[in-house]
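Letters are used for the chains, namely A, B and C, taken in the order the chains are written, and counting of residues starts over at 1 for each.
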Amino acid sequence: MRFKFAIPALLLEVIIIVLFGIFVEYDKESISDHLYPHFQDVHVMIFVGFGFLMTFLKKYGFSSVGINMLIAAFGLQWGTLMQGLWHMKAGKIHVNFKSIINADFSTATALISFGAVLGKTTPIQMLILTILEITIFACNEHLVTEIFEATDVGASMTIHAFGAYFGLAVALVLYRPGLNNKHENDESTYHSDLFAMIGSLFLWLFWPSFNSAIAPDASSQRIAIINTYYSLAACTIITFALSSLVDQRGKFSMVLIQNATLAGGVAVGTCADLPIHPFLAMCIGIIAGIVSVLGFHFLTPVLASKLHIQDTCGVHNLHGLPGILGGIAGIIVTAVKGGTRDIPFTPGKQAAALGSTLGIALAGGALTGAILKLPFLGQVSDQHCFDDSVYWEVPEEENAHEIHSNNPDEHSRFEAAV
Amino acid sequence: MRFKFAIPALLLEVIIIVLFGIFVEYDKESISDHLYPHFQDVHVMIFVGFGFLMTFLKKYGFSSVGINMLIAAFGLQWGTLMQGLWHMKAGKIHVNFKSIINADFSTATALISFGAVLGKTTPIQMLILTILEITIFACNEHLVTEIFEATDVGASMTIHAFGAYFGLAVALVLYRPGLNNKHENDESTYHSDLFAMIGSLFLWLFWPSFNSAIAPDASSQRIAIINTYYSLAACTIITFALSSLVDQRGKFSMVLIQNATLAGGVAVGTCADLPIHPFLAMCIGIIAGIVSVLGFHFLTPVLASKLHIQDTCGVHNLHGLPGILGGIAGIIVTAVKGGTRDIPFTPGKQAAALGSTLGIALAGGALTGAILKLPFLGQVSDQHCFDDSVYWEVPEEENAHEIHSNNPDEHSRFEAAV
Amino acid sequence: MRFKFAIPALLLEVIIIVLFGIFVEYDKESISDHLYPHFQDVHVMIFVGFGFLMTFLKKYGFSSVGINMLIAAFGLQWGTLMQGLWHMKAGKIHVNFKSIINADFSTATALISFGAVLGKTTPIQMLILTILEITIFACNEHLVTEIFEATDVGASMTIHAFGAYFGLAVALVLYRPGLNNKHENDESTYHSDLFAMIGSLFLWLFWPSFNSAIAPDASSQRIAIINTYYSLAACTIITFALSSLVDQRGKFSMVLIQNATLAGGVAVGTCADLPIHPFLAMCIGIIAGIVSVLGFHFLTPVLASKLHIQDTCGVHNLHGLPGILGGIAGIIVTAVKGGTRDIPFTPGKQAAALGSTLGIALAGGALTGAILKLPFLGQVSDQHCFDDSVYWEVPEEENAHEIHSNNPDEHSRFEAAV
């Protein structure tokens, strides 16, 4: 893999820098300077939140947090260009704090898709996925916000549903029958679950910033923060209750606490900045929690066995279904209250935005999956899935110890002495 | 435990949402919009700070960070209602960033009490404790700030001392003679202590935001931040020095570094926003460090053996004693400099605030402990204290490995082959 | 070590508090109030970033994050005094948010030097180093900014190069021939590398705040943030590519991902707030990544074997070389564009700043190393290097388990039964 990764990665970075040299300028206006704290929160979500959330696998922590960093650092450069192309002034992309928030946002789509295929792809495959997905995302986002003029301030549709269904389509194309029986490394350890809670909590805590970062004014921003805050809180209680209820012995499941507690942030995204009332935000959060828990418990196994979609992190339940729920909430809210000064959006355009997002994500993901399957890119074998040591220098001692204490020769030595 | 937790939790959430529907509105004023960065810091303290600080126990990390999240997510909703009831306008609670800071604050009381009984209660007991404690806290806080008109900007009294003595009273009522000999799970591992340092550091770092978040103006806020910054720094040096001094071999103790370094933030809270001079703030920090280290080293064992108060995390030394110290500092400062335009508070009212807080906390905690002891709620057995596997699906492999390598049958197999 | 650490530490803290009482006042102006979010980001970098970055060693995590906290909490007090002495008004040091940012900054020098000698010094040696280094740093910084009037907004020279070469000079004086063969504890474990990623990511994420915190106005601040954001992103891709390229099997190295990805933040520091164009910032980031990876891979072993400089964390590659690169970039940028209203700096003064920084750092470090070698201070033996248990109460159980399962007597017992 030495040259297979390094040479294309170096080439891509050179191309990006040349494009930056040609197209990118500082924005001289101070119009988004007040968004810096929001940006920093989103930045932490992308690198620490997404990165550590995926460290739950026992032997895939380096890749989770490391390749997450690679995708995000690469994607934010590519996203700056792809999103900037739609908003050029005099042939230049002017970057300010809103641009870098949007650049970080665009990487979230690739990171969500990474969750669907976690443990089953190579780093170079992920770079290609990132390029394709962010390019398609930028087009769909333009379609949703500029052509359909739909609202989606927290990006339930354009990021969460998009990233999830794109990733699921990739996972379908890259289906591995050899993983139908649970892979021995496809599970967590006690400490890997605690690392994952670091990611989960920073996502949970800064989600109000995510949903409000690009709200049009201070009042909308305040509403988005408050709605997201209460939606997440309500969703969390429901997740704990249902996690206990769906388990035969009534025990909580770390998978659910790490993931389904966040569904309330996803689902309230589309109408987060609309004055829907905290009460309604909490109702959305509760439905999201129910959908997400049931999805993890009942749907994910069926997707894998019947539809051949192996979704490592269950992104369908954290981003996919709650993202659709967010889109539907947007349709209902605009149908009931839309067309006023407060809410100048229409249900038809919201529905078009949701439909286009799902269609483009599925088609784009299938296409991307087909490209990632090209033989010259190489594939990791089923046996080496979910294993850092394929791509990383991994410290030996823990394995050494394990081998040591289970080594029959070790015992033989003593027995021979007898 | 399947229905015993899930059904009451679902019911409580439904009740809360109905109350939100009836009483809660967005605040349309932008008066507290500038507090958003402060809010985010406090939010991190509550969920990451408190949550990870308690992960030091070797087999109770899931519960520490998980049940902490449950309590906080539930408590912030309940706290919004309980605190809002005292400040309704036209029958409505108007939520803004100050409200959600206060909602997060109110959960801190329950989380501090959680530290006192950590490992010895069930999730449903903790939900009941949260409801009762936040309700009583909101009444006491109203008494302190509105009736006594005392100052307590960083809540040394109303949150820290209150939460600690409430929790200690609960622990006294729930006394378990079976735990008098140290439980084998009531200790840390190397990595669990590192996880706890994540919590400790985020508390330490964001404490200036905690103590300044609800200061009345920008100048008070600046003073509160600077006082807390230097108080914590001085307290930290003293903690390291005394930690070495009280140990026979001169070694540092992780328990002290994780906890006593924070006492300076607690103790400077009451007069944090008063112009007491950084010098005095540092003196308060030093005294807090001394009191806290000595408390952990000498008092906690005595409390357990003589007074039957088993304080798992030593909240008495981190929140209780330093909270009282903060209250006393408030009395002294107002006695010396009070009644002026700079410091319009009086020592009598400060003393009344401290006394009422301690009395109400102890009585409320004792009452709550009695309720938690009701037989139908169920109790975890002494043997299963400090053990996640009672409430959580815990990954098997580590135990499996341990059993494996110690399993005589394993060896027998080889010996049979001989 | 009981009194050897505690008594001097207590004495030093008393002296500092007396000096605070005499010299320090609140700044009554609100001029730096808007910098609070920047301060909090820097604060997280110092305590969580630096602290956890060094937890990669398998048995030195307590010391890494704990002694880091000790140095930083002590250093920020000392730094307030040392930096304040150069800017007194009417005999008083007026502290505001800019002061506490600078106080945190000054500790970074000692923390960088700590990285060079990590595992090989005692806590009291580190306190002495902190006093000396921050004192010398404050003088050099005054020279660079006030006398030479050079620009160094992100402190590539005055903090990063200074801290690195100071630490390397100390390491040279404290050279330990006994460590020429790799010490068995001088390596990481799987989980210690994940803890280190927490530190690395928080440094990476908040570096834009570090480089912009003391920029002169909002526009410079915006430019510094954007330059740093893109420089780090470009540096990260290069680091991944080269990490794979320099490894024979093409595998990524955690050491490089944790460290060299940050070099872009260091190197862009000196001219971060100048309108050099994002393109140029990215080029600086790329060169920094190349220099840093090659430094870790080829230079560090040579420094240890030929020059007798044992640099535990490789600070030469993360802070030293990229810091010099930043200084050189400053010289080139001012040579090409300097002397205008946008960039009122000259290459000669920039070169003088770089030269004085390196010279003073090396001389100061050598002097400090000589002082730390004084016999009455004591030294840790080679055998006990990189081992927490010398200074900390360390939980026993993990070692116990290891001993247990490898214990021949254990097996003998079963064999006897045969």
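One rule holds in what follows: a residue touches a chain if its C-beta (ideal position, glycine included) is under 8 Å from a C-beta of that chain, and two chains touch if they have at least 3 such contacts.
None of the values given here were measured: they were computed from a predicted structure.
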Chain C against chain B, contact positions shared by both copies (same if over half, else different): different
If I superpose chain A onto chain C using their CA atoms, what angle of rotation comes out, to the nearest 5 degrees? 120
Averaged over CA atoms, how far is the centre of chain B from the centre of chain C? Could you give it in whole Å? 33
In chain B, the residues touching two or more other chains are 37, 191, 198, 405, 411, 415, 418
Quick check: in the complex, which residue numbers of chain A touch chain C? 1-7, 9-10, 12-13, 16-17, 20-21, 24-26, 28, 30, 33, 36-37, 40, 43-44, 47-48, 51-52, 55, 61-62, 65-66, 69-70, 73-74, 76-77, 80, 95-97, 100, 123, 191, 195, 198, 391-395, 397-398, 401, 404-405, 411, 414-415, 418
Note which residues of chain B are touching chain C in the complex, please. 37, 41, 58, 187-191, 193-194, 197-198, 201-202, 204-206, 209, 218-219, 222-223, 225-226, 229-230, 232-234, 236-238, 240-242, 244-245, 247-254, 257, 261, 275, 277-279, 282-283, 286, 402, 405-406, 408, 411-412, 415, 418
